[in-house]
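Report on the structure given below.
Naming follows writing order (A, B, C, D and E), and every chain is counted from residue 1.
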Amino acid sequence: DDKLNDLKEQGFARIAIANEPPYTAVGADGKVSGAAPDVARVIFQRLGVKEVVASISEYGAMIPGLQAGRHDAITAGLFMKPERCNAVAYSEPILCDAEAFAVKKGNPLKLTSYKDIADNTNAKIGAPGGGTEEKLALQAGVPRDRVIVVPDGQSGVKMLQDGRIDVYSLPVLSIHDLMDKAKDPNLEVVAPVVGAPVYCDGAAFRKQDVALRDAFDVELKKLKESGEFAKLIEPYGFSAKAAMSTTRDKQCTAAQ
Amino acid sequence: MASPIIRIDNIVKRYGPLTVLDGLSIKVMPGEKLALIGPSGSGKTTILRILMTLETISGGHIEVDGEQLYHMRKGADLISADERHLHRMRKKIGMVFQHFNLFPHKCVLDNITLAPMLTQGAGRADAEKRAMELLDMVGMADKAKAVPAQLSGGQKQRVAIARALALSPKIMLFDEVTSALDPELVEEVLNVMRRLAAETDMTMLLVTHEMGFAHDFADRVLFFDRGKIVEEGRPEEIFRNPKQERTQGFLRKIIAAGHRV
Amino acid sequence: MASPIIRIDNIVKRYGPLTVLDGLSIKVMPGEKLALIGPSGSGKTTILRILMTLETISGGHIEVDGEQLYHMRKGADLISADERHLHRMRKKIGMVFQHFNLFPHKCVLDNITLAPMLTQGAGRADAEKRAMELLDMVGMADKAKAVPAQLSGGQKQRVAIARALALSPKIMLFDEVTSALDPELVEEVLNVMRRLAAETDMTMLLVTHEMGFAHDFADRVLFFDRGKIVEEGRPEEIFRNPKQERTQGFLRKIIAAGHRV
Amino acid sequence: MEWDWDFVWQIMPTLLEGFKITILATILGALVAAVIGLALAIARRSPIAAVSRTVGFVSEFIRGTPLLVQLYFIFYVLPDIGIRLSPLVAGVIGIGVHYATYTAEVYRAGIENVPRGQWEAANATNLTTRQAWIHVILPQAIPPMIPALANYFIAMFKETPLLSAITVLELMNQAKSIANSNYRYIEPMTLVGVFFLAVSLLSVVGLRWLEERYARMDD
Amino acid sequence: MSVWSGYLTLILEGALVTLKLTVMGSALALVMAFLAGLGRLSRFFAVRALATTYIEFFRGTSIFVQLFWVYFVLPFAGITLTPLQAGVLALGLNVGAYGAEVVRGAVKAVGRQQTEACVALNLSRYQRMRHVILPQALPLMLPTFCNNAIELLKGTAVVSLISLTDLTFQAQVVRAQTGNTLIPFTTILFLYFVMAWAISTAMRWLERRMTRGLDGVRT
C-alpha cells in the first residue's frame, strides 16, 4: 500500500474534523482533542504515522475536500449512510450516537420525531448543511423551506433562542455539549428522537485508499479488543459497546 | 447731475493672506459703458464677481441703484444682507461669463426662459415670446431648439448674452466674453455687443483684453493693476496718450503681441 | 537648385466619412520658413501632425530629407513603414504643441535632457550643458530646476521650444504655439521664435492665427481652406493683396476682431 | 468525477429558486443602498461638525470591516437587544447599508462634479438655492452618477452568496445544499459560476449602454 | 479570564493569517493589475484579448465561485495548493482584475498629449511608459489601489469558507467552543478596522511622498 508508505514517510496524516464538540474540541491553547481526533491519532501512530494534522472543516466541505486530496481521512462524526458509503471508504464504526432535538422549555410544539415536524406546518427545523439530520428531516417529508441550513451549532442554539427555528437537531452528545455551554433554562433536550436510528461514524478514506482503510481497521480492531478504545472515547460520553455491537456493513446497508 | 447707479466705496477683498482689492472706489453713472483693462491677476474679474454677489467682501460698501448691496438697514443699523435682500438686489444686475456657463441639459430656449419663469413668475408663452425676440437680436433665432453642445463658442456666448438680457437688468457685467473663442468667432459676439451698447441705455461694465473693442465700446476706461485703479479716462486718452508708466508698459506689450488699438 | 527637404505629394487624410485633406501637395525647400494660415478646421494642425507621424495617412506619399516618411523600400517594392523606420525618420523632425505638453513630473532641465539621453545616447553632463545653452537662448536659464507647474504659460512654451531644439532636428513644426497664452505673454514667445528664425537655417513650418507674426516670420504663406491650399505666396502679397475671395474674407474677419497685420 | 448532464437538468429548478432569491436580495439591497447612501451623503455635508464627523467615522468603519462579519452581527447579536429580523431582511439591510457607504461617495462626487460656473450662472440669473438644486444642479449631477451606481449594484449582486451564512436560501446556498446531499459538487458550483458570469456579462453590456446614454453633457 | 486570554491568542493567530493573506494577495494583485492593465493597452490583439478575458472573467464571477474552483476543482487537474496558497491565488487574481482597470484608467488619464510629446521627442514605446507615462500614472492609481487593498482585506473573511484559519474562522471556532457570540465578533470587527486604517494611513503616506513637489500635476 503506497498511501500508507507515503504517510509514514512524510510523518503525518491530514484529517478533517468538524467544529463540533464533543466529536472535536479545540482548547484555549489551540490544541485539538475530542473523541474522533483522539482515536485517529492513536491508530495512525500505531500504523507508524507519527502525527495527525487536523483541519476544521464545514460538514459540506469534507467529502469534496477528501476527494480533492485535501485530507487523507475524515474523522468528524460523519455518520455512515448508504450514499456516503458509495462516495467514500469507511472504516469499522467508531463513534455511535442517536439523534436529539433541542427545543424550547416544555416542548411547546410537542415534537418528538422528524415526522412530527413534517406534520406541523408551523414547525421549522435547523440542521447542519449536508448532515444526517437535514437528510432525515427531508426524508420524513419536511418541505425544503422549513429545513433551515444552520452554519454551526452555536448559531443553531442562538436561532432557537431567538425563535427563528423550533427545533435544532444534532446527535445526542453534541446537543448536550451545546446545552451545557448555553446554560439556558428556557431550552430542553428531546433524546433520542423517536424513530431515528442510531448512527455510527467511521474514519472515511478515499475510495482509492482501501488498503489504507484496511490497515486502519486492523489497528482499530486491536484497540477495541484491548479495551483502550473504551478508555479513549467514554470520557467524552460515547459508548464503546454501541460501536462494537454493529459493523460497517450493517450501517451501510441499513434500510432508510 | 444725476446720481451714480453704482457707488463702490473703499472696497477691500482678501483671500486669506492675499489682498486682491485694496480700498477700491468707483462711481458709475446710469447708462455709462465702462471698460476695465489691466494685467492678469489685477482684480478685474473679482470686482465684477463682487457686484454679482458671487463673492463676499472683506470691507467697504457698495450702493446699487440707491440701495446697499451687501448690507441692509435694520432700524438705525446697517447689518449684513440676508439671502432675501441679495435676491432682490440681484434683479438689477446680469452677468455674462468668460465660459458661457449655459445649462447644458436645457435647450437654448429653455436656458433663456428658465429664470424669467422661476424668478419673475412669467408665463411660458410670454417668456418664450420675449426669448425669441432676444434670440433674434443676437442672431440665434434658428437655434432655439438646439442644446448648447451643438453650438460653436461664439453661438454659445450670444445665447448667454440673451439669457442675461431676458431678466431686463439695469446693469450688465461682461467678463472677457470673447477670450475663450476662436479668433474668427470673436467678431460675431463683438458685433452683438456693439449693437447692445448703441441701442440700449443699460449700464455696462466690461472686462476685456481686446483693446480695439474697448476703445470703440467704452465711454470710460479704467486701468487696473494689483487691485487698484492706476489710471482712468476717455478711451482716446488712455490708449493714445497714457500718463502712467505701468499703463504704457502694458499697452506696449499688448500691441507688440499683435493686437490693434 | 537644391531639392526640397519636404515633398508632400497628393496626401489624402480621412476620419471615417470625413475627408480632412484632399489631395494636398506641398514642397518645402531647406531652410524655408513657412506659415500655414486659414480658418478653424481647415486641416492645418492635421498636416503638421502627419509630418510628425502622430497620424496615419489615407493616401499619397511624403518624402522627408530624401527618404519616404510613411513607406520604406523592400527590394523593389514600397511597403508601409515599420516602427524602426519611423523612429529613424522622427530624428529629423521636432514639434512644439499648442498646450506645451511638458512632462509635469520632471524639472525644466530634465524635460530637456530626457530625450537626448534616451534616444541619442548622450551622457548626462553633455546633455545638461547643451540644455543650459538652449535655456539661455530662450531666456529660461534661471528656471532650470523649476517644475512646469511653477511656470507661466509663456515660460512653459519657451521650455517646450528648447526641448524640441535639444534633439537638433532639421525641421521644426510649430502648432499655434501662442494661442493658449495670455495676451501679455505672447510676445516673449514670439521674440524667441523671431531669433530662432533669424539665427538658424532650420526648416520651419508654423501654424498661427497671429497674422502680424506670420507676416514677419515667414518666407512663404499658405492659406488653407477645407483641406486644400487656396492661395500661397510671399507674406506681402497674401496679406496686402490677396487674390482669392476666401482669403480676403478670412483676413477681413481677423482684422475686424482686432488683430494687426 | 465526471460532468453529468442529467444531474444538471435535475437540479436546475432548485437552482432557479435560489437565483430568484439572489435577484430579490440584490434589488432590495440596491434600493436600500440608493436611499441610505443619499442620506449619508447629505449628512456628511452637514454644517454641524458632530453630525458630519460621526457619520464619517461610522461610514469608514462599515467600509473597513467585512460584510460577512457585519451580517453575523446583525443576525446573531442584534436579537439580544430585541431586534429580530428575518434572514432576508437582515441580509438586505446588511448588504444595503454596507453598500450605502459606497454610493454615498458616488453622490458626493456627482454633486461636486457639477462645475462651479453652473452655481454661479444660477446665482447670476437670480435663482434661489432651492431652484438651483432642482433645475440646474441635480439634473446635471444625477445622470453621470448612474453608471457608477449601477457598478456598485453589480458588485452587490456578486456578494449575495454571503447571505448563506445567515441562512438565506440564495443561489449559492441552494447549490451547496444540493452538493451536500448528493455528494456532487462540480455541477452545482459550475452552474453557479455560469449564472454569475451570465448576469455579469449582461450587466456589462447594460452598463456600457448606461454610460453612453448618460455620458457627461458638456457646455 | 485565563481562558479568554487563550482564545484571544487564537484570534490573534487568525489575524496573522489574515495579514499574510492580505499582504501576499495584494502583492499578487499588484503584479496582475499591471500585467493585465498594460496588456489591455497593448497593440497586439492576442495580448489584448487575453488581458480582457482575464479581467472580465474574474470580475464577472463571484469570489466565492473562484475560491471554490481553486480549492476543490484545481486538484482534479493535478494542482493541489495549500489553503493559504489557494486563498492568495483566488484573492490576488480577483482583486488584480479590478486593479487592472485602475492601471488602464490611470495610464489613459495621463493622456494622449503626453504620448504625443513623447513621439515628437522620438522616445520608444518602452521609454514612453517607463519615463513619462507611468511616473505620472502611479500617483493617480494610489487612492484606488488603497481601496482595492481594503477590499482584499475584507475579502479574506470569505476564505474561512475554505477552512483557512483566518480571523473570521477563528472567531467561529472560539464561538463554538465558548458559546459566546458577542465577544469574538466584536474583537474581530475591531481588528479588521485597525488593519483597514493601517492600510489607508500607509497609502496616504506613500501618496504624499510620490506627489511631493508635484502640485498641480493633475490639472
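Side notes on the structure shown:
Please note the rule applied: contacts are C-beta pairs under 8 Å (C-beta built on N, C-alpha and C of every residue); 3 or more make two chains touch, one makes a residue touch a chain.
Treat the numbers as computed from the prediction; the structure is a model and nothing was measured.
Minimum number of contact steps separating subunit A from subunit D: 1. Under the contact definition stated at the top, the chains bordering both subunit B and subunit E are C, D. The highest number of C-beta contact pairs joins the chains D-E.
On a Cα centroid basis, the chain most remote from subunit E in this structure is B.
Spacing of subunit A relative to subunit E, judged by their CA centroids, is 38 angstrom.
Mean C-alpha position of subunit C lies 52 Å from that of subunit D.
Averaging C-alpha coordinates per chain places the centre of subunit D 20 Å away from that of subunit E.
Mean C-alpha position of subunit A lies 85 Å from that of subunit B. In subunit A, the residues that reach two or more other chains under the touch definition are 64, 158.
Shared contact sites, meaning residues of subunit E that touch two or more other chains, fall at 72-73, 76, 181.
Chain pairs that touch one another: A-D, A-E, B-C, B-D, C-E, D-E. Of all residues in subunit E, those touching subunit D in their complex are 56-57, 59-65, 68-69, 72-73, 76, 150, 153-158, 160, 168, 171, 181-182, 185, 188-189, 192-193, 195-197, 200. If you check the complex, the residues on subunit E that touch subunit C are 113-114, 116-117, 119-125, 127, 131-132, 135-136, 213-217. On the side of subunit D, the complex with subunit A involves touching residues 1, 76, 79, 84, 87, 164-165, 167, 169, 173, 176-177, 179-183, 185. The touching residues of subunit B, counted against subunit D in their complex, run 52-54, 83, 87, 90-91, 93-95, 97, 99-105, 114-115, 118-119, 147-149, 156, 163-164, 167. Within the complex formed with subunit B, the residues of subunit D that make contact are 115, 117-118, 120-121, 123-129, 131, 135-136, 139-140, 217-219.
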